[in-house]
Structure formats: structure tokens, C-alpha cells
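Take a look at the structures below.
You will see chain A twice below: alongside chain B first, and alongside chain C after that.
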Partner chain A sequence: MSHNFLSLLFIVGLMLVAVPPITYLERKVLGHMQQRPGPMVVGPHGILQPLADAIKLIFKEDIIPKGADRLLFMIAPSFSVFAALLAASVVPIGFINAVPMKSALLFVMAMSAISIYALFLAGYSSNDKYSFLAGMRAAAQVLGYELPMGFALMGVVILFGSFDFREIVRWQELHGWGILYQPLAFLIFLIMMVAEVGRPPFDLPEGESELVGGFHTEYSGMRFAAFFFGEYINIIVLSLVVSLLFFGGWSGPFVDKFPVLGVIYQLLKAGFFVFLTFWLRATFPRYRFDQMLKIMWKVFLPLSILNLFIAALEAYVVG
Partner chain B sequence: MKEVFFFFFGLLSAVFALMAVLNRNLVKGGVSLLASFVSLAGVYFTVGAEFIGIVQVIVYGGAIIVLYLFALLTVDLKSMKAEPLRLSFLFAGGVLSGALFLIILYAGFFLEGSLSSNVSGASDLARPLFYRFLLPFEVVSVLLLVATIGAVAVARREE
Partner chain C sequence: MESYLVLFVFSLVAIAVALLVPNINLITNRFLKIDKKEEGKYEPYECGIPRIAPLNRRYFAFFYVLALVFLLFDLETVFLFPWAVAFRKLGVLGVVEAFLFVGILLIGFLYALFKGALKWE
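Up next is the complex of A and B:
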């Protein structure tokens, strides 16, 4: 009981503490990829920038526009943070497993399904055309990515024979990393993960490069920040999931003797995928609405179903 | 302790379901319905059926309600007029919901069972579904296919 509680505290704390440095890193990485220094003013190399951002966001006035649906407008950001933190609670990091659950992978999927309501309701309740359209784009994006993502995960689950992350890692310790068996599922899941957290090239709900932002146009202060807290926590959680499903999670040399090494391995593996989302953001332009739906439904959905057959064959041969 | 959560989520689910029906704003009604479904998932969790609870959230929360709301927002709600209330509709709806209510009441009073289930993981559900009840399962899937094709046919006729 107390071990679980400490783990929960650790994971929630980690998620909340990790977000500000990640925003700093993102801006630095983006900056250097675009041959500019990134934040440089606050502190040496701008290292205190997240702190300055936090202070700014906390002291900003919380504006609720006239004609907005007050209740929905106020609760919309909480969907984002709550769902992301709940998803984080079932994901094990090394020996730290806050809520051991048989169907943990599915639980992560369910919470990601819930988190989309944040964007959708924000768009609807703002009483603003730009927000509204962005909310529609968010809903359409869910309808796009959810099926390929589900099918890609089904392939993995058929191979591993379990929804439980501990079982999945144990399987990989015996047979080798999941990516060796399911490269197609890995690729599809990675792309769908980017679509799910709404990062470029699939940042349709947000539309950051446009003159008017997306669903969060009318938000300010901490409510605005809550969306991005949720988004970054989601990135971390899904990166952890990728590391667990395809890269052996906490497995690695000397983990038997020093369990702490497992935590470090896993965080490094997941960290690479967090970095990858920055990289994609610096590299790709955004897909148009219809292009996004077209590739989701006409390319990735058939591929992910094909992958299901491959997985079944592999499970038959290996298991 | 378990019972407290069971009744808490059950009550929550009923309250949100009532809000979903009574709210005049359709989007708010949809969100209340979502809350009702999630509370129902909470009920499943308290009796140990975590797999069904999670699937409940994914299917109803993640797919169906999103689709409803998406469809609601694409049509102009103000231009839509409600069907005039006919006595036959009221009667049919009343009889159906009354029957459902009686069935649930019967189950609640006369079926004995403990607040724990033996369907917690995916395999516990899959085994009966694909071995013992394979035929009903496939029949239901055909029924769903019929509904899908019917929906497409009805939608196309208006063109």
C-alpha cells in the first residue's frame, strides 16, 4: 500500500516537474534546428525561462469571454490534465509501478480518448468561430487516428499476449525487443502518437503557425497552461509506452543487480521519443484537414490491419 | 469500502443520465452522457471488472460520444425543428422504458450475487465470447452490419 502510494507520488511528481524543463528543451532544440539560439535572456542560456513563463501565466488575468458557456469553458482544461495524469499512473517506470493493472495498456488508450474532450469542449464553449473550427478539427482528428492506433496496438498485444506492461516487458526480455517483430506497428503507433498529442505535422487542433490559434484562442493564464501541461504529460506518457512496447522498457544490462538502472534506461529510451516530437515539429509542415483524414483512413488503417495478420502469424510461430 | 464506491458511482451515473435527458443544450447533454458512461465504468471497476470498465470508456467515451458531438456540431441546430410530440411516441417510449425499469428492478431485488466479478481481464471475457457464445456473438455482429448498411441507404436516399 505505502509502496504504491510512494510510487504514485513519484510518478505524478515526475510528470509535473518534468514539464517546465521539457518546454525549455523544446524551445532550445527547435531554436538550434532552425539555426537560432532559442531563449537566451532569462538566466544563463535562458535556463530560467520556464520559471519566468510560469510566473507570467500564474499572474495573468483569467478571462472568460462574454457569451461563452461558462461551465464547459471552465472545466474543459481539466479534462486534459486529469486524463494525462490518470494515464501516467498506470505506466510503470522500471520497478516503480503506481497502479498495477491487468489492462494497463487499454487504460492508457481510454484516458487518451477522454483527453480529446478538452480540445473539443474548449472549442465549443468559447463562443468563437476560430475555436469552434479548431474543436471540430480536433474531433475529426480523433476519428482519424484512433482506429489505426488501436489496430497497431492490437498487433502488439496479440504478439505479447497481454495488456499488462510488466508481462510485455517480461516477454521482451525472453524474446528480444518488440520492434524486431513489429516494425510496422512501431511506425504506425509513433505517427498516431504524434497525431494524438496534436503535435506537428498533425497539430490541426492547435494550428500554432496560424495567425489565430486553435481551440485555445480565448484562454489565458493557468487555464491556457493546463492544456499544455496535459499535452506535455501526454507526450511523456506515450513515449514511455513506446519504450515499453517496442524497446524492452526497463530491460538492459545489470538491471538485476541495480533496479535503479532500469528506471534510467527507460527514461532514456522514452526521452528519445520526446526529443523526436521536437524534431518532427522543426522538420515538417502541417497536413491539411482532408490530407490528414485521407492518409489516416486510406494508408494507415489498411496497413495496421495488415499488420494484425503479420502479428497473428508471428504469435503462431513464436508462441 | 467497496460498496460505498459502488453506490457512489451508481448514483453519479444515474444523476448524469438524468441531466443528459433533461438538458436543453444538446452539447451539454452529450457531456453529461459522457460523465454518466464514465461513472458506469467506475461501477464496473468497483466490482472488479476492470476490462469491461476500460472498454466502456474507450467505446462510449472515446468513439460514440465524440461522433455524436461531431455530428451535432456539423448541423445547424437552430434550423432543426423538433418532431411534434405524438401520443403514440410517448406511449411506446413509456412502455419500453417502463419494461426496462422493471427488468432492472427485478434483477436488483431477486438475483442474488456478490459485489465481485470473475471477468477482470480480457481473456476472461474472450473465452466465453468466442467459445461458448460464438453463435449469438456472430448473429449480433450481423445485426450491427445490417444497421450500418441501413444507415447508409437511408442517408443516400435523400440526395
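Up next is the complex of A and C:
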């Protein structure tokens, strides 16, 4: 019991502490990919930039626009943080497993799916045209990515025979990494993950060049920051899930003797996918709205159903 | 059972954190001198000009059709997840039945596709 609460403290602490450095890293990586230095002014190489941002955000005036639905407007950012934290709580990192749940994968999916309500509520309640369009786009984006993601995960679950992350990793220790068996599911899940957290090329609800700021146009101060807390925690959680499902999670050499190594392996594997989201942001232009829906429904949905058949065949062969 | 208790306690903590973090500004604003006479900043943003027409909360009918198709398939995934977990225990018959189920829904999907439910107009 005390082990559970300690691990919970560790995981949630990690999530909350990791977000400011990740925003700094993102700006730095993006900068260097675009041949510019990124933040340089605050501290050596701009390393204190997140701190400066935090102080600025905390002392901003809290503005609720005229005609906004005050209750929904105030709840929406809380919703984003709440769903992200709950999703984070069930994901094991190495031997640190706060809530050892049998249906952990399903729970993570559910929690990251409801986090889109935050974007929709924010857009709907702001009484702003840009926010409203962004909220509708967020809702429609769910209609796009949810199904291919579900079917891709279903293929993986057929192969592993469990929703429990510990059993999934145990299976991979016996038979090899999941990506060797399910490369198609990996590709689909990765793309759907980017769509789920609303990152480029699927950042339609934000769309800063067409919708001002999207759903957070009217938000200021920590309310504004809370959306990004939720978003970045979701990125970390889903990266951890990718590392668990397809790359053996904490398995690796010498983990039996030093369990701490497992934590490091898994964080490195997940860290690569966090980096990948920055990379995608620097590389791809944004999808147009109907293009996004079209590619989800007409390309990825049939592909993910095809993957279901592949997984069923593999489950027979591997046993 | 114990893990669910931990999750329950944690969800209470998460609610507290989630309510606190976005509302910090309500506390800090007490210590700041805020000009409330400036009316313009409380107006919803619209290109920096006064609003021409109020917000009209309507959107393309296309999305409602899409949402209906989505609901159908989302229910399908709900039915198929328990099947996926128990895949190895079900044997050949369970597999054939599940794929028949997917097949019937695929026909529905093709019908929607050719009816133009997924076509942007």
C-alpha cells in the first residue's frame, strides 16, 4: 500500500516536473531544426526560460470574456489536467507501478479520449468564433482517430492476450518486441497518438495560423497553461504506452540485477517518441480538415481492420 | 481491489490539483492592481475590431452524419475488446463469429461510403 502511494507520488511528480523542461526542449529542438538558436536570453542558453514563463503566467490577470459560459469556461482547463493525471497514474515505469490494474491499457485509452472534452468545452464556452470552430474541430478529430486507434490496439491485445502492462512486457520478454509482430499497428498507433494529443500535423484544434490560438484564444494565465500541462502529460503518457506495447517497456540487459536500469531504459524509449513529436512539428505542414477525416476513415480504418486479421493469424502461429 | 482504492484516493487528489492549478491567478490577482475600467479587454477576440455579429453556434450537417457512422463503429470496438482479450481461449468458432461480425459492419461501412456519408460538401 505505501509502495503504491510512493510510486504514485513519483509518477505524478515526474509528470508535473517534466513538463516545463519539455517545453524548453521543444522550443530548442524546433529552433535548431529551423536554423535558429531558440530561446537564448534567460539564463545560459535560455535554460531558465520555463521559469520565466511560469512566473509571467502566474501573475497574469484572469480574464473571462463577456458572454462566456462561466462554469464551463472555468472547468475546461481543470478537466484537461484531471484526465491527464489519471491516465498517468496507471502506467508503470519499470518496477514503479502505482496502480497495478488489470485493464490498464483500456483505462489509459478512456482517459486520453475524454481529455478531448476539455478542448471542446473550452471552445464551446468561450463565446468566440475562433474558439468555437476549434472546439468543433476537436470534437470531429475524435471521430477520426478514435476508431483506427481502437482497432490497432485490438490487434496488439489479441497478440498479447491482456490489457495488463506487466503481462504485455512479460510476453515481449519471452517472444521479442511487439514491433516485430505488429509493425502496422505501431505505425497506425503512432499517427493516431499524434492526432490524439493534437500535435502537428494534426493540430487542427489549435491551428495558430488560421484560428488565432484555437480553443485557448480567450484563456489567460494558468488557465491557459493548464491546457498545455494536460497536453504534454498526455504526450508523455502515450509515449510510455508506445514503449510498453511495441518496444518491450522496461526489458533490456541487466534489468534482473539492477531494476533501476529498467526505469532508465523505458524513459529513454519513451523519450525518443516525445522527441519524435517535436520532429514531426518541424517537418510536416498541417492537414486540412477534410483531408484529415478522409485519411482517417478511408486509409487508416481499413488498414487497422486488416491488421486485426494479421494479428489473429500471428496469435495462432506464435501461440 | 486494493489498486482501485489507490486509484480512488488518487482521483480525489487529482481533482484537487486540477482545480488548484488553473485557478492560481484568482489568488495572485488579489495582490495586483488590476484596471477593471478598461472594458475592451473583456470582449471576445475578433481581429482587433469590435464584433460585427454575435456568435452563431451552428456547424456543418456533415458532422452529424459522420458522428452517427462513428457511433456505430465505436460500439463495435466496445464489443470486440473483450473478444480480443479472450482470443486464445475462444478457439476457431469464436474467431469465425467475430470476423463475421466485423464483416457485416464492413458492409455497413461500404454502404455509408457509397451513399456519400463521408464525402465533404
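What we mean here is this: the second predicted complex is superposed on the first by the 316 of 319 C-alpha atoms of A that agree within 3 Å, B and C clash if a C-alpha of one lies under 4 Å from a C-alpha of the other, contacts with A are read in each partner's own complex, and residues count from 1 in each chain.
Heads up, the rule we're going with is that a contact is a pair of C-beta atoms (placed from the backbone, for glycine too) under 8 Å apart; a residue touches a chain by one contact, two chains touch by 3 or more.
Everything quoted here is computed from the prediction, not taken from an experiment.
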**OP:** Look at A:282 in the shared chain and tell me whether it touches chain B only, chain C only, both, or neither; answer first, second, both or neither.
**Re:** neither
**OP:** Could you say whether A:60 touches chain B, chain C, both of them, or neither, answering first, second, both or neither?
**Re:** second
**OP:** Could you tell me if A:132 is touching chain B, chain C, both of them or neither one (first, second, both, neither)?
**Re:** both
Original post:
Just chain B (first), just chain C (second), both, or neither: which does A:163 touch?
Top reply: both
Subject >> Touched partner set for A:110, first chain B, second chain C, both or neither >> reply: first
**OP:** On the superposed three-chain arrangement, identify whether chain B or chain C touches more chain A residues.
**Re:** C
**OP:** Determine, under the contact definition given at the top, whether A:140 touches first (chain B), second (chain C), both, or neither.
**Re:** both
Original post:
Between chain B (first) and chain C (second), which does A:121 come into contact with in this model arrangement: first, second, both, or neither?
Top reply: first
**OP:** Considering only the touch criterion stated at the top, classify A:89 as touching first (chain B), second (chain C), both, or neither.
**Re:** second
**OP:** Scan A:101 for contacts with chain B and chain C and give back first, second, both or neither.
**Re:** both
**OP:** Starting from the residues of chain A touching chain B, keep only those that also touch chain C in the other complex, and list them.
**Re:** 101, 106, 124, 132, 136, 139-140, 143, 146, 163
Subject >> Residues of chain B that touch chain A when the two form their complex >> reply: 25, 27-28, 31, 34, 38, 50-51, 54-55, 57-58, 61-63, 66-67, 69-70, 73-74, 120-122
Subject >> Complex interface listing, chain A residues touching chain C >> reply: 1, 4-5, 8, 12, 58-68, 74, 77-82, 85-86, 89-90, 98-101, 106, 124, 126-132, 136, 139-140, 143, 146-147, 150-151, 154-155, 157-158, 161-163, 212, 217-218, 220-223, 225-226, 229, 290, 293-294, 297-298, 301, 305, 308-309, 312, 315
**OP:** Name, in rising order, each residue of chain A that touches chain B in their complex.
**Re:** 69, 71-72, 101-103, 106-107, 109-114, 116-117, 120-121, 124, 132, 135-136, 139-140, 142-143, 146, 163
Original post:
Which chain C residues qualify as touching chain A in the complex?
Top reply: 2-4, 6-7, 9-11, 14-15, 17-19, 21-26, 28-29, 32, 34, 41-46, 54-55, 57, 59, 63, 66-67, 70, 73-74, 77, 80-81, 84-85, 87-88, 95, 99, 102, 106, 109, 113, 118, 120
